[in-house]
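What follows is chain A paired twice: with chain B in the first complex and chain C in the second.
What follows is the complex of A and B.
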C-alpha cells in the first residue's frame, strides 16, 4: 500500500515535470506559428467567380450576389465619400475637401489620386457615389498581392496590357481579376498598406510612421505588428464595424481616459487607442510612469523615432523651385548619395530622413484645417495647413509626438487663398507634364470652384501629423534623460515643470554660492587654526 | 586630569552614521537628478533617491521613538546661555588656544551653538525636505488628495533650497567635528561613544 502511494506520488511528480516541459521548450526554441485559417468560405468554389472579369465593377456585382449589404456599408464611410464633417468644428473635411503640402489637392487630379479610392471610375467631379458596383471590394480583400490600381485610371484595375500614357511606349500589364477574386480574404497589412504606406505619392513619403517596412516588420520596428511575434494587422487596433474602420486623423483621440474597452460596455470610444487595450495605468513596475501617462501620450515615449524601417520619409517639400528644365528642355531629376530623389522638375526640392525624432506639442484632438474658403496672409510665420489644438491647462491635452511637414506651395496673393493646381494628368494643362503654373492653376481652381485672381506666389506652410505607429519594444522606449535634461526633447513644451530641465537658475546660483562660501569659510578657519597653533 | 564620559549610546551612534551615509547618498543622487553631473544617470538616480528616502524615513521612525522614550529630545532645547561665549571661542579663542567655554556632560552633550544648529536643521531644513520630498513622491496623488492646485515647480524649488542648506550644513558640521580638544576627539566619540573631557 505504502509503496503504491510512493509510486503514485513519483508518477505525479514526473507527470507534472513533463507537463512543465513544453513551456520551457517554448522559451528556448520558438515553434513556428500555425497557419491561421481566417475564412470559412473557399472562394475558388463559387461559380460566380469562375469566369473572366473585364472590369472591377463586374467583380463587385459578383461579390454583391452573396454580400448583399456590403456596398451599402462602404457607401457610408470616409473611405468611400472622401468627405467628413468634423462634428466639433463643423468643417467639411475629407480628402475631397482638404489641402496638404504634399501633392496639395485632389480636384482636377481625380484620375490619378483616386487610384487609392475604394471605388472604380472616379475620374471627375461627376462621379456617381450611389452606384453599388462602383465599390472596390478587392483593394481591401486581396490576398494575392497582385491587385493593382495604377494612377491615371480613376481607381480601375487594368485587365488587358495597356500602353500608358498613350504613345509613351510604357506598357502596364493586365491582371487576372478572376484569380484574384477567387482568393479574397481578410484585409491585411498589405491591403491597407497598398494605399496608406504610400500616402504623399510614394513609400513612406507622407506619414513617416507608416511605410512598407510595416508589411512584415521586425519587433524593433513595431512591437505589435512583429511578423514573427504578435503579428497584428492594422485591423487588430483599427477595428472595423460594418466596414467602417475605427480611427481618424480629422477627429483623433488625443486623450483616452476611458480605460480598457470591455465588450458590451456602453460609451466606448475609439478602439484604436493604446489605452483601449493597455488601460490608463499600464506600467506595472514603475508607478511613476503611470503618473507620466496622465499628461503624456503613450506614443511620446514608446515611439522614440519614426521612419525606423529603412525607408526615408519626406521632411520638406519646396514647390517654388519646381519647373526647371535642363539645357535640352527636359525634366530634371536629382538624387542624393542613397539614390533618394531630392529634386524633380514636376515637384520641386525635397529633403528626406530616416529615424527621425518627432517634434512635440500639447494636443487635445482638435484639428482645424486651413481650407480654400479661409483667408491666409504671407508672413514670417508659416501658414498652418492644420492647426492642432491643445494647451497644458485645458485638461484635455497630452504631450504628443508629431511629424511637422514643412513646405512651400502656391497661393493666390490677391484673393489670399491656397491654390489647388492641376498637377496629374496627361493633358496640356497638367503641371507634371508641361511645368506651367499659369496653365495648371486656373484649371485646378475652376475644378475646386475657387476664385482665382490670375496671380500666384508661393507661401511657406506646415502640417502636423501625430505620430502613432511604429511602436518600439518596451526596452527601446525613450529614456528619462531625453526629456529630463537641459537639452531636452521637450524644450518647446511649456506649462509643465520638468525636473532637470526647469531648475530654477536663481536658486541654483544662490545655493551654490552659499555652499561655496561655507566651504571657503571652513577652509579659512581651519588654515588659521593650523597657523596659530604652530605659533603658540 | 581628564576623565572619560559615555556620551553617545549605541543606537544613537548607529542612527548618526546610517543617517550620515543616507544623507550623503541622497545628496549624491539628488545632484545627479538635478543634472549637475551624471554618475548613476537620471533614471537610476531617481530610483535610488526614492529608496534612500524611504529608508531614511524608516530610520527616523526609530530615532523619534528613541528620542522620546529616552528623553534625549531635551538635548535639542535651545538655550542662549554661553552662545556668545561659544561664538567668541570659534571666532577668536580657538586660535589662541583658549579653554573651551563649554563642558559637556551626558545631560548636555551638545554645546549651545550645536543645539541651535541642530534645532534649525530639525525644525526648518528637515521638514522642508520631508514635506517637499514626500509631495514629490506622491505627485500622482495630488489631485485625489485635493492638492490639485499645488505647483510642482514650487515643491521642486523648495526641495532644492532644502538640499543646498543641507549641503552647507554638512560641510560646516564635518569641519566642526575637528574643533574638539584634539581634531579627532569628537569623531572618536561618535564612533566609540566615549568623549574625553577636562
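What follows is the complex of A and C.
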C-alpha cells in the first residue's frame, strides 16, 4: 500500500514537472524560460508593491525607491505644472491660466478638474508642486484599465467604497492599488485617453478627433492606431524624453520643413508631425500631390471628417440658457433621439455631431489666447478665445483643418473681461449645485485674482482646435472635387487660385485659347497628313 | 510515511509552480478579438451584437465553462481556435494578426476582457 502510494506520488510529481517545464525528452534544444516581452521588470516580484496601499502617494513613494529621478522629471513638464510660457508671445498659458468655452476654467474648481492632473491632492491654489510623492505614476503607467481618479477628489483615487457626493446615495467603488501597481507598464492609448479622450467633461466632447473609439480603433478610424494593424500608441508619435511628451497645443508645428527624423540626425524637431516619418514629399505616384503638400497640411486631405468613431463631439455650448428648473424646482436634463444630452440646467444648451467636416484656415503655428487680463468688447463678431495666426503670404502657413467650437459664456460688461465662474463643488456657491451666477462668479473671480464688477452678461465666443488625429486610410483621403469645385470645402480660404473654385476671366480666356489653338493645331496637322498621304 | 508526505508536498508545490508560471492574460488583446471577430459576426447575424456588460462576471464565467455556442449547436472554443482563425484570416485582420497565438492564451485574453467588461466588472464595456 505504502509502495503504491509512493509510486503514485512520484508519477504525479513527474507528470506535473513535465507539464510545467520544457520537454526534456527532446533534450537537444531546451526552451528558454518563459518571460514577459513587454517589460524588463515584473512588478509583481517587487516587495515594495506587495502590500496594501491606502492612497496614491504611498504608491509613488514605493515607485521612487527604484525610479529615483522620475518624479523630478515629471516636475519639469506641462503635464505637472499646467503652466507654460509661450516663448514667442510671452503669454503665460497652461491649463492653470487659459480659459475655454467648454467648462471655462480651473480656478476655484480644482478638486474636480485636477482628476486629470498627473498628481495627487491639488484641491486649491496652495497645492505643493515640489513634493515628489504628489506625482501620480499610475495614471500614465496603468495597464489594467481599472485605475480611476473620480472628479471631486483632487486627483486622488478612491481606495474604499465611498458615497459621493456625501448624502447622495451614489457609491464610488474603491480600487485595489496594490493589484494595479504590480501591473504597471508602458503608457498606452488607454492611459493617455483616460484624460485626453474626455477633455471638455466627457467622451469626445472637446477635441472631436480624440475619443474612446481610439482606445482600440479600426483602420477606418485611424490608419496608424488600427488595433488590428499598425497598432500605434499615442507615444509612437508623441515620443517622450525624460517624461516630457512631444507635441503641444500652445506652440503647434504648423509647417514642418525639416524632413524625416532619422536616428542620429541633429536638430530637435517635433517628432509628432506627419513629416517626421513621411518626409516632405511623401506621394510616390502623384507628384502633383507633393506640390499640394507645400501649402496644405497633410491633415487637410487625410482627415476628411472628425468624430468618426461613433461618438459625437460637442459643436456648440450656450451657457446663457443654463439655470432653468422644472416645476418642482429640480434640475432639468434633455436628450436627443440618440440619448445624447442637449440641455442641462447646470450647463446650458449643446449641439453635438458625428462625422464632422472641419473648417479650414491658414495657420502658422502661432496661437494667442484671450486671457483674464485681456479686454474684450461685445459685438456681432464672436470673441476669439484663441487667435490662430496665419496668412497665405507669410511663408510659414499651411491650410489646416480646424474644429471651431462656438458658444456663449459669462463675461463682465463693466471690466470687459471674461469670467471664471465657480462651477464644480458640493458647496453653496458652486453653480452646478445651486444654479446661481451671483454666488458662483464672485468666488471664481476671487480665486483667479481678477476684479469683478458685480455685473455679468453673456458673450459669444469661438475657439479653434487644429484637427490632427483620426487619420483615414489613403483610399479614404479627400478627393480633388472636395476643394476643386464651386461648393468647395476651402470656400473661405483666400490667397490662392483654386481651379474650379475660382474664376478669373483673364486666366480662363488664356486657358481656353490655348485649348482651342491646340485643337486647331491637331486638326490642321491631321488634315495635312491625310492630304499628303493621298497624293503619294 | 515521512517520505510519502515529502513527496506529496513536492507534488503539490510542483502543481502550484506550474500554475504560477501560467499565462498572464492580456485583456486588450481579448478586446480586439472580441470586437473584431465575435462582434463583427454577431452584428451581421440575426442574434445581434452582445455587449460584455449584458452579463455578470459569474454569467460569463459559466458561459465560457459550459463552452456552448449557439445554445449548444457548437462550442465557443471552436471560434477562438487556430483552425477557425486560419479559416477567416483572409477577410478578418484580427484573425490574421493573432493567427499564431495559442488557443488557450487567446481564450484567457477574451475571458479577461469579458470579466473586466461585465455588468459588475471593473469597467463595463460595450461592443464598440
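The criterion applied here is as follows: the second predicted complex is superposed on the first by the 468 of 536 C-alpha atoms of A that agree within 3 Å, B and C clash if a C-alpha of one lies under 4 Å from a C-alpha of the other, contacts with A are read in each partner's own complex, and residues count from 1 in each chain.
As a convention for this text, contacts are C-beta pairs under 8 Å (C-beta built on N, C-alpha and C of every residue); 3 or more make two chains touch, one makes a residue touch a chain.
Note that this is a predicted model, so its numbers are computed, not measured.
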item: Partner chain(s) touched by A:145 [first = chain B, second = chain C, both, neither]; value: second
item: Partner chain in contact with A:219 - chain B first, chain C second, else both or neither; value: second
item: Partner chain(s) touched by A:171 [first = chain B, second = chain C, both, neither]; value: neither
item: Touched partner set for A:287, first chain B, second chain C, both or neither; value: first
item: If touched residues of chain A are counted for chain B and for chain C, the larger one; value: B
item: Partner chain in contact with A:485 - chain B first, chain C second, else both or neither; value: first
item: Partner chain(s) touched by A:414 [first = chain B, second = chain C, both, neither]; value: neither
item: Parts of chain A lying in touch with chain B, wherever the complex brings them together; value: 287-288, 290-291, 294, 479-481, 484-486, 496-497, 499-500, 502-504, 507-508, 510-512, 514-515, 518-519, 521-522, 525-526, 528-529, 532-533, 536
item: Footprint of chain A on chain C - complex, ascending; value: 1, 3-4, 7-8, 10-11, 14-15, 17-18, 21, 24, 27-28, 31-32, 35-36, 93-94, 96-97, 116, 122-123, 128
item: Residue ranges of chain A in contact with chain C within the complex; value: 2, 5-6, 9-10, 12-13, 16-17, 19-20, 34, 36, 144-146, 175, 188, 190, 213, 216, 219, 226-229, 309-310
item: Chain B - residues contacting chain A, complex; value: 33-35, 41-43, 46, 90, 94-97, 139-140, 151-153, 156-157, 160-161, 163-165, 167-168, 171-172, 175, 178-179
